[in-house]
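Here the chain labels run A, B and C in written order, and each chain numbers its own residues starting at 1.
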């Protein structure tokens, strides 16, 4: 067959034979044995693999808890757990943290882990020329001292209530001075998985670390595959090219997976407060009546239904609903187009307004934007939509404050403090709010901290700083036989330490 | 069998003429139909293509009853959106052709009339634009200017300029050697006047054919740019964006992806058939050949 | 011939130089700071400034242009802002996907187009010809990304013959690698095959007027035999020109298809790099693609001149 075809078309078509071989001789599927590897889908490829040198969530999603570990780590429920620090003591004034480190920990390249590495990592992160994206996490540190190889003393300049939580961030992982410079392309950590290979544009492969200090991972191999296109992600899951997609980008397809016994769909929570951000510094939004009008004009539930197919929890302030200190303020600005029109008229915009609505790429923003634009149109506000890429979004609304309205999800945990930043893109300035934050930073008593958090939530809701939409849900889709993945997303991570295949 | 060659060619040419007559008719019919639908959408669509607020409860209804082509993810009527999308596609492609004709044709006429370094320069700039893969150029321009229908028009239009300049120049160059042009020149007419009075009317046929081709390429380019999110922005309907928005729903609501795709195929097919037919009818070279037989 | 080559070479270099300036200027004015993008929403301004310094973004414009172009001559395209690896490596990796994909698509297009074009020419003006020409019109009119979606739906989600996309790497085996390129190659090949079939048909019909075909027919060969034995060889010259152009088009034109199938090729690299403001990568890849187009044209010019000496004098 091959010969005949080749001859009839002439010698120049020898490649035909190749294609025929290709079409007929496809490699058979591997026999189904007990799986010890897993392929995880992720929307974005990390730009590099050094969590201390970039902000991209995708970095943490690959390496956090798998390759790199910090002094502490954040558990699946958002609690602070010991990691490289087995235990710690806090001085009575809350200024001195003494960490006792684990014994017998080695990096993947065989070098030993000790207190010098902790000092190196923390000093590097807070140094003048540091490119750590979350430098603020280390701002409270006054000095780091090595007491002995297994003891480190960290002295703070002022008490920081969430210092231990901060040390659990991906940006605060402990790296070795020998390998730190190359971590971007060849990450060397202490975690249960070692870096194996990175096919740029396609996947990162990790392998089990047999010398792990704790309980070793059950999987031998983990591959993170980068598929940003929701269609492609859907097709790849359906074709079982992927075993799991922990943060599935197309909520409209979840019902397909739910109906299919091969898959499990797990809806969890994230730390992503999705907001319609308002440029408070720009007219007419410097008028609180206009901001309140916007809040009344938006039907949150319709946005959740329309953009997220019902997945998401409405919020009335910038705080995660699953947090104990959360106050439900969704009733403060109920969906009321008539009231919105009245408020606009009071503010002198009875004959309508035209505003810009700049949308970053995620579907919650693009879809939410289309729905909100039509809701605003119903009260006489014409929103001109501009779809931006991330780089442009960061340059225009975020850095340049060049926008009227935008939609974005703030996914950092416990980030209500951004409302106290003077140069932040909301352009919101409130002495009352800053006072609350100031007190919060100096308070360690849990009960008082809760009160202060609640005051802060009420303050920004009263000022109608932004239109608070919903808490982003984490829609995970995975093979029904794959167990031990995180349902919730207290930090952006895919901790595979406990993952395993059933039967 | 050996006598076949004698009757073969004339019959072939005759049949060919008929075949292209047919493609001209079909192409013109489709094109006029699409234009009519686009114009109709200005005054009437079966439903509001963008109701306020969006009827989300009506989402993803399969084609039936009130919604012939079903509804999309926000409950909008797909047929109405396709009608408005036709208007958008035609407008973008048409203005982009207009840019190409408006700038490219004078450049081509000028280059042919003057020759010399200016001609060289114009042609080198043309080479430069052609050296960029078309879609890449469009993506770079829209990345630079920001996404949007107007910038998509500019991106597609810029690529049309050298196309028309080159076609015009090529045809005009051969005309400049004709006797009647030389006669006009001897009579003291300036080259600008000659270009307008004698050259332009004689290159019009070729330009009409080229414009049809660029029109259909423009429709495809707009769809591609909108598909990757760099073209027409919401709330304006666009076939390319309808496709990208409906991709994830292809498996369980195929109507949202099939109808806009078919709209593109039918429109481009119509324009290509029209272009083929026009070329056979208008191209002087082919006509000469035909009359020689 | 020597002066002709020299002339064409000067013109090629001038085009590339002009292209490099245009590309550089466009990248300079593109809104968005790569350092700010890399460090994200809550980045410390001091960290962004430190990163800008580290990436060499604070050097004078002319200096950076010269560094870039100078680097091109020694094969050093600089360090990718986002990936922090040499751009050359990044491009080389991607070429291993894009070139095989383009070759496969081209091979498929040729396999389809040659017989189809020959049959259409042999059976010209019959129903078969009309059907084939109608089908090629359809092939040109179908947007390849839409066709790609249909392919994924049918062969990945439906029949599960092929994976929905992605590229396992050549390490996984040549057949496995090629299998993952089949659907994208088919999607890319359809319009190219349609164009090529039409070119083939009309090139064949053109040669039918030539004397040697008339002679062959007079000697008693049927139309089909004459085409197979004599015309195909002569029609190959225009067809080869189109194939040359299609290859450089396929190399760059796969941007959208690579996105649909999430293939780590040049097209997706450039798309991602624009979105992430990895401008150093964008600059180099665009210039490389431009160079590919210009060099293919140059080669075709030379080949023509070698075949037909009259063309040398026509050179500008």
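Just so we're on the same page, a contact is a pair of C-beta atoms (placed from the backbone, for glycine too) under 8 Å apart; a residue touches a chain by one contact, two chains touch by 3 or more.
Because the structure is a prediction, the values reported are computed rather than measured.
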item	value
Farthest chain relative to chain B (centres taken as mean CA coordinates)	A
Chain pair that, of all pairs, has the most C-beta pairs in contact	A-C
Centroid spacing, where centroids are CA-atom means, of chain B and chain C in whole angstrom	22
Chain centre separation in whole Å, for chain C relative to chain A (CA means)	37
Centre distance in Å when chain A and chain B are each reduced to the mean of their C-alpha atoms	44
Chain C, residues touching no fewer than two other chains	31, 149, 157, 259, 274
Sites on chain A at which at least two other chains make contact	229, 231, 234, 238, 361, 389, 392
Sequence positions of chain B contacting 2 or more other chains	143, 146, 247, 250-251
Touching residues on chain B, where the partner in the complex is chain C	1-2, 4-5, 8-9, 11-12, 15-16, 19, 120, 123-124, 127-128, 130-133, 135-136, 139-140, 143-144, 146, 216, 220, 223-224, 227-228, 240, 243, 247, 250-251, 254, 257, 261, 264-266, 268-269, 272-273, 276
List of chain A residues in touch with chain C within their complex	9-10, 13, 15-16, 18-19, 22-23, 25-27, 45, 47-48, 54-56, 128-136, 184-185, 199-203, 225-229, 231-232, 234-236, 238-239, 241, 361, 389-392, 394-396, 398-399, 410, 412, 415, 418
Residue ranges of chain A in contact with chain B within the complex	229-231, 234, 238, 250, 252-253, 255-256, 299, 302, 305-306, 361, 367, 369-371, 373-375, 377-378, 385-389, 392
For the chain C and chain A complex, residues of the former touching the latter	31-34, 36-44, 46-47, 50-51, 54, 82-85, 90, 93-94, 103-104, 107-108, 110-111, 114-115, 149, 152, 156-157, 160-161, 163-169, 173, 175-176, 178-179, 182, 232, 259-262, 264-265, 268-269, 272, 274-277
Residues on chain C engaged by chain B in the complex (per definition of touch)	11, 14-15, 18-19, 22, 26, 29-31, 124-125, 130, 133, 137-138, 140-143, 145-146, 149, 153, 157, 209, 214, 217-218, 220, 222-223, 248-249, 251-253, 255-256, 259, 270-271, 274, 286, 289-290, 293-294, 316
